[in-house]
Amino acid sequence: MVDIEEVRKHNTKKDCWVIIHGKAYDVSDFVDEHPGGSAIIVKFAGKDATKAFDPIHPGDTLTKYLATKYHKGEVTEDDEYDDDEDDPPSEQELLRRKMVKKKPDLSQMYNLNDFEFVARHTMEKTAWSYYSSGCDDEITLRENHASYQRVFFKPRVLVDVTNIDLSTTMLGTKVSSPFYITATALGRLGHDDGECVLTRSAAKQDIIQMIPTLASCSFDEIVDAATDKQTQWLQLYVNKDREICENIVRHAEKRGIKGLFITVDAPQLGRREKDMRSKNIEDLSHVQGDDEEADRTQGAARAISSFIDTSLNWKDIKWFRSITKMPIILKGIQTVEDSLLAVEHGVDGIVLSNHGGRQLEFSKPPLEVLIELMPVLRSKGLQDKLEIYLDGGVRRATDVLKAICLGAKGVGIGRPFLYAMSTYGDAGVYKAIQILKDEMIMNMRLLGVTSIDQLNESYVDVRNFQTRYLPEDKLFGKVYEPLVSPAFKL
Amino acid sequence: MVDIEEVRKHNTKKDCWVIIHGKAYDVSDFVDEHPGGSAIIVKFAGKDATKAFDPIHPGDTLTKYLATKYHKGEVTEDDEYDDDEDDPPSEQELLRRKMVKKKPDLSQMYNLNDFEFVARHTMEKTAWSYYSSGCDDEITLRENHASYQRVFFKPRVLVDVTNIDLSTTMLGTKVSSPFYITATALGRLGHDDGECVLTRSAAKQDIIQMIPTLASCSFDEIVDAATDKQTQWLQLYVNKDREICENIVRHAEKRGIKGLFITVDAPQLGRREKDMRSKNIEDLSHVQGDDEEADRTQGAARAISSFIDTSLNWKDIKWFRSITKMPIILKGIQTVEDSLLAVEHGVDGIVLSNHGGRQLEFSKPPLEVLIELMPVLRSKGLQDKLEIYLDGGVRRATDVLKAICLGAKGVGIGRPFLYAMSTYGDAGVYKAIQILKDEMIMNMRLLGVTSIDQLNESYVDVRNFQTRYLPEDKLFGKVYEPLVSPAFKL
Amino acid sequence: MVDIEEVRKHNTKKDCWVIIHGKAYDVSDFVDEHPGGSAIIVKFAGKDATKAFDPIHPGDTLTKYLATKYHKGEVTEDDEYDDDEDDPPSEQELLRRKMVKKKPDLSQMYNLNDFEFVARHTMEKTAWSYYSSGCDDEITLRENHASYQRVFFKPRVLVDVTNIDLSTTMLGTKVSSPFYITATALGRLGHDDGECVLTRSAAKQDIIQMIPTLASCSFDEIVDAATDKQTQWLQLYVNKDREICENIVRHAEKRGIKGLFITVDAPQLGRREKDMRSKNIEDLSHVQGDDEEADRTQGAARAISSFIDTSLNWKDIKWFRSITKMPIILKGIQTVEDSLLAVEHGVDGIVLSNHGGRQLEFSKPPLEVLIELMPVLRSKGLQDKLEIYLDGGVRRATDVLKAICLGAKGVGIGRPFLYAMSTYGDAGVYKAIQILKDEMIMNMRLLGVTSIDQLNESYVDVRNFQTRYLPEDKLFGKVYEPLVSPAFKL
Amino acid sequence: MVDIEEVRKHNTKKDCWVIIHGKAYDVSDFVDEHPGGSAIIVKFAGKDATKAFDPIHPGDTLTKYLATKYHKGEVTEDDEYDDDEDDPPSEQELLRRKMVKKKPDLSQMYNLNDFEFVARHTMEKTAWSYYSSGCDDEITLRENHASYQRVFFKPRVLVDVTNIDLSTTMLGTKVSSPFYITATALGRLGHDDGECVLTRSAAKQDIIQMIPTLASCSFDEIVDAATDKQTQWLQLYVNKDREICENIVRHAEKRGIKGLFITVDAPQLGRREKDMRSKNIEDLSHVQGDDEEADRTQGAARAISSFIDTSLNWKDIKWFRSITKMPIILKGIQTVEDSLLAVEHGVDGIVLSNHGGRQLEFSKPPLEVLIELMPVLRSKGLQDKLEIYLDGGVRRATDVLKAICLGAKGVGIGRPFLYAMSTYGDAGVYKAIQILKDEMIMNMRLLGVTSIDQLNESYVDVRNFQTRYLPEDKLFGKVYEPLVSPAFKL
């Protein structure tokens, strides 16, 4: 039994204890490793952090990532701790709660933008901001979507389009439609059941779910939520500690995961100002005095959590191959050059992705990389050496069709399903997928094709990539929340 | 005599009776064939549907499309049925009625955008939404218009332009001006006399009207409204039942129709969200529970009405040739490739069209297809093998002149005449046509040409199709109603 | 003495008398010739038109254009005529009068946009609309300006730029700066002294004024207002009656005019909807009943006033040469082809112009025609055969410099000087010219050139004409008044 | 002792005395030399100018630039002079003061745009306008920034990016990061300590500061504020009086300055209307009467202050070389041609710059000149003959990285540091630099490079310079204050 007064003393970054579910933990050595940043932990130094911890962490987090020596045991009752809401809700929050009550019926959702619209107005500010934010000025985030608007169709008529077949194969799995639910972190920010909501809808709709490393349900919870016939993939942030890494991979294979997607575009997490601003956390790194200067540079270096290994490089691929038989796919390839290196290193696939515009600002849209890549692969006879996926910016079935026409095996969709989950739960995600499928069928008919394998470059006109003309997308423009300048005080 | 209580029992989609003008009809087998969707019928299952039915259906609809065995006979009096308006009008509707009273005089209409402006503010919401909507994000709808704004003129001066002749020939008919009224559905949504209004104005102005399959006046009513000298064409949605189809075609030829325009861009009707949202109809397809899943896929397939044959293909052209001597024109060609196939199959003409942006989003604007097509046709010596028309996005005489310069025989204009009809009736349509003619004369003078056959590519600069530069069209931008996100509840 | 009651009887278009300064005139035969349209005259049929007539017509109008037989003599007193304002002023007009009182000081005018801004808010609605309007959607009007924004500079440094000389020569006249005041109609709409204001400022600033055919001061008044040393040019609308034409030209030469600018881009006056809407005149041409149809077509033809000869063509140049020794310049050339024809016909110069965007919508901006023209002229060795001017869209000294760099001898500026005149009279126009000159000196220094003849293509980058990129011009965008849709009734 | 009444008599431009800190000065001969324009001095003719003088002039100004003969000695007490604020503050000023009190915490500044946002709302109007203004329509100012948005990255993955080194060398000085604080005038408008604030932050962050000629701290004050190890450069406006010039240069070298940056893009200061309008100074040059015309032309010439020599040219470089051993760099090169001349004249470096868009409107963005220049230099083997810097429009670390990739040795940043200084003083500037450094580290990791010398053209895609596509930068667009039209009176 640890005395609450004792806990209260460890209230600095260097000496930092927190209480979670009545137990104290010394997280001093962990603070800088925290994938969510140190600031949020330090905010609770010497205090009860349960309410902030619970909604986003899997139940096994502390056991898994914090050595037993840091588990300080149960804490005596905390008189000061008030389980009820402490701060009165802000005007903004009160407005949000009203909006939640007036939420439109699910039947009013006609497209994926609609879910985003409702999410923006009904989700808690911090959750919305975490999901929706991109890096820097969010230009990359918007360009990802824009790239699809630049492709026009060349539809063929007078083709018998009575029977349409949307099914295709991804890494050997037969799926009902050429898109999958890609990995996105912290599902429980949007829904109590977190990533499991996505699992259930994926099962019903017969599409693949990619499980994220930073899920807020535990890996096993998500796998348990799946049906026997269901296919899941695993997205992996490579930990500096390769033993942890190996355990994760071997466990995943054992549990039946059918593809290992190694994230390669995030040696350091991007700076997402919309998210930062919503948390209103003091950006501690910059307020140090003169004498802390020496520290600072180090501090910047230390900002790299051991959760993600900055030293990960091409040589590591071999090691991964040695520990698993799962197909290995590199997620986050952004150039033709690295795509060729991927072939050379014998991986089974790549995901052209700039992380949904959350990492490097001005990384080119995946669709544009695809357009450059395919002729190169074909000229070298490599087009069948690996499966090519892409993600980022997909909102309509026409987007999916364009990607397939241009050489992709399938596309990943992330945020739209998060928004559907956060607003209407299981029914929302199910419907979001169904909307895409209905649009797929209609658009394939109108395009004059009846099966996925018929889609090819003759159905698209990509000349706008030369001009970069961008027709206005009014709904997308409306649901997008622009960055704001800092607020003046009241 | 059917008892009203009996009718009331048949109130589900699978067992669906409706009352129209005091008679009951069993439409259970018909619900899924309804071109306007099943939802709107099911809404009236077991009830009197007269008020919803009347404004948009030709008088012969039930006789023509519903087998006699489904005609259940007269119904006993319906005490519950209230012929007066049942729901109190919405705020929006009350505002609209005020606007109707303050409608500007016809003399204030200076261009076709003006009619659209008045229509947007005075038409009933559902009618306006049906007419004005396009598919998906309505990008194609706007691009159709935009394509004209990209063409600049190279006007010649010091030419004697005293006498201007606008007349030309279309499929052998001499007309007063190189544009025609194209086929658009459900004319009675906008005016009690429906398509007959257009017929009368076409006669006075000596231009051609194309009669739509989905007119809300009957075909014969529209033909009867024409003068002896007047030329009409027929637009045809090809019915799965080729006998119905043949009857329609033979009857049309007998009644003096001078051109058969077979629609080829609509094997399935596009998804028009503005229209859907205005009807506020629950999108039933998506609210099914788990056990209905098997059904769903079928459901999606069944969504294809037998009114439009999804299996229609190039081989069918021969059959059409065998049943009629009318010129055959394919409406909805969207590529150079299909234009060449059209020549190969010996049709008399094509309409380059993406259905006014109502079918496949991102189908290229017809004007752009025309620009690609003409050099190909000329290089193969095929330019005189068929007449080329196009429609979609025309608002000014300059648009018409550009299309003719670039190789079109004529252009079809749809929505603008619907708006003129819906706001000012006969006088409106007459004036809309006259505005275009007056603009034509002025612009031909300023261009330095005196007759339609003088127009050619030397008068236009199409280099903006390389850059896709788009000068802002302020009026068009203003009258266009953007899509909205779903409304939160009150 | 004509009885007022007699006059009142002649109150139709076909039998139309009007009273001006107490005298009656039969204008029945003249109505259709009126350059300002028939509607405005018919409005005063049988009534006193003095107040509408005076502000825009030269004193000699009636003597000059109406045969003596139509002069009906003095009229008995008109009891009904009220010399004071009859209608109470509109809300809009009351607001305008307030704005006139709050007009910023002249010293606050920093650029030509500023004059336009003040003019828009202080000029009478009809006057502002007449000056500011363009044809159709005013895209050409805006593109004229935009074309300048597409040219970037390549400024040279480390050049001795102590002494800057702005002077140049136009058609043999030495001028202080390479721009002139171009011809614009109806100067008295903006200022009581009309075009004479411009004459006086041109004298003080030593630049050339082009006198318009449709001036609201008489030609002689404008010439009389000039100093001995001052150079003036004449803009000519060619009258169908070549005798009238010859008289005008010979008289001009006798009075010392140094250049004859024949307008070739206006066989029919353009449709300017902003102007039409401001006048709120019923557009009579469109409200005729069925039985007037035959008439209509004729009517449209008759809309062409004999003031402007629609048959004017290249063969007429020879005749002009035969009646005058003044240099002959064609104003309104819009293509390379016609520029070459101009050389062939031996004229002394051309003005590349689309009439300030008031005639044919989508006529290419003059600057763009210039960029295409110069290489052609040079390749044929014709660059010195004629002087090339251009007008339309100039707002800054940088615009002038760009045009000169690209081959123009000088540029004409119209509307900006009208706005300066209408807001601040003589001082306004003087200052507007001075602003341009001050900007010229500064910009030539910054460009590294000291005299006009040093300007050439090496100082500009015109690659944006390939991309048509258009950086936003915020002031221009703000002062521009967009077209509006028709107003609903109150 | 001068009698105050005597001073009051010298109250015209030609006979102009002013009082500063209780002493009278005859500035009649100096008025036209004043770099800030004559108007502001004439405003105080015969009056006490201390309050206007103090905030922007170094303490040694009068001694340095006004010959002793013009020092008229102490003035008797001025009863009329009121040391307190005379005019009641405007509404705008009162609002500003409120905003100052509600200023967000420094911790809320996430990027350089945020400082600009706070500056715009909290700085005194005249100070803000002086700093933020550009020439003419500020298109060049915005294009400078836009040019960076056109470059996309080609990031490489699977590179070990654990250790990132931002350091580089500039003109022989090792610096912590490849950007420097460039010279900007009148630092004390924004902060009482003026340029010394920048000096101190530069020291702490180990980056170079360029000292401006028109600093409002004296040169020696700024050098004194530096640490021993700190490197400073000098920006020089070349004075007509070469003796003054030589003194400045020799003194700078003696005081340890490590680079002489000669400004070559400002033979005359640009016209900055935002600045002019904020001062609300009557633009005297334009209100002269007729008889002053002769004067006017001279006046325009005289507007050139002797502070900046308009005759400065390439031959002068040799003389500079003869009086100093400091590296000589030409600041304001805007073309490939002049870059080559710079190499020819043996200077040590150039700064590609259009003076932050404050001089010639439509001068091309420096980044674009760089892109054209490097291939030319390389093809001639000259790429190592000089160091290339550029400035203008930099707001993010990605901008810096792009410039380095494309061949720059470093980039200068001006306004953002002024805004940081004006809003949060030393801590603000320190943080602004730190933000850039943190972004640099993150972005280099995400780009797959670990040191500055690895950056090269293979990491960027500059094809948007062909299309000039510009993705919307929402924050920049929001913090930018557009020019306004003149205000109507109250």
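A, B, C and D label the chains in the order they appear, each numbered from 1.
By our rule, contacts are C-beta pairs under 8 Å (C-beta built on N, C-alpha and C of every residue); 3 or more make two chains touch, one makes a residue touch a chain.
These numbers come from a predicted model, not from an experiment.
Superposition of chain B on chain C using C-alpha atoms only gives a rotation of 90 degrees, nearest 5. Using the average of C-alpha coordinates as each chain's centre, D ends up farthest from chain B. Both copies, chain C and chain D, contribute mostly unmatched positions to the interface they share, with under half of the numbers common to the two. Mean C-alpha positions place chain A and chain D at a centre distance of 43 Å.
Annotation: 61 Å between the Cα-based centres of chain B and chain D. Listed for chain D are residues 467, each touching two or more other chains. Of all residues in chain C, only 99, 101-111, 113-114, 117-118, 121, 149, 151-164, 204, 396, 398, 431, 434-435, 437-439, 441-443, 445-447, 461, 464, 467, 469, 471-476, 478-479 touch chain D in the complex they form. Those residues of chain B whose C-beta lies close enough to touch chain A in the complex are 136-139, 142-143, 146, 264-268, 270-271, 273, 276-277, 282-287, 290, 293, 296, 300-301, 304, 310-314, 316-317, 330, 332-335, 337-338, 341, 354, 359-364, 466-468, 470, 482-483, 485-490.
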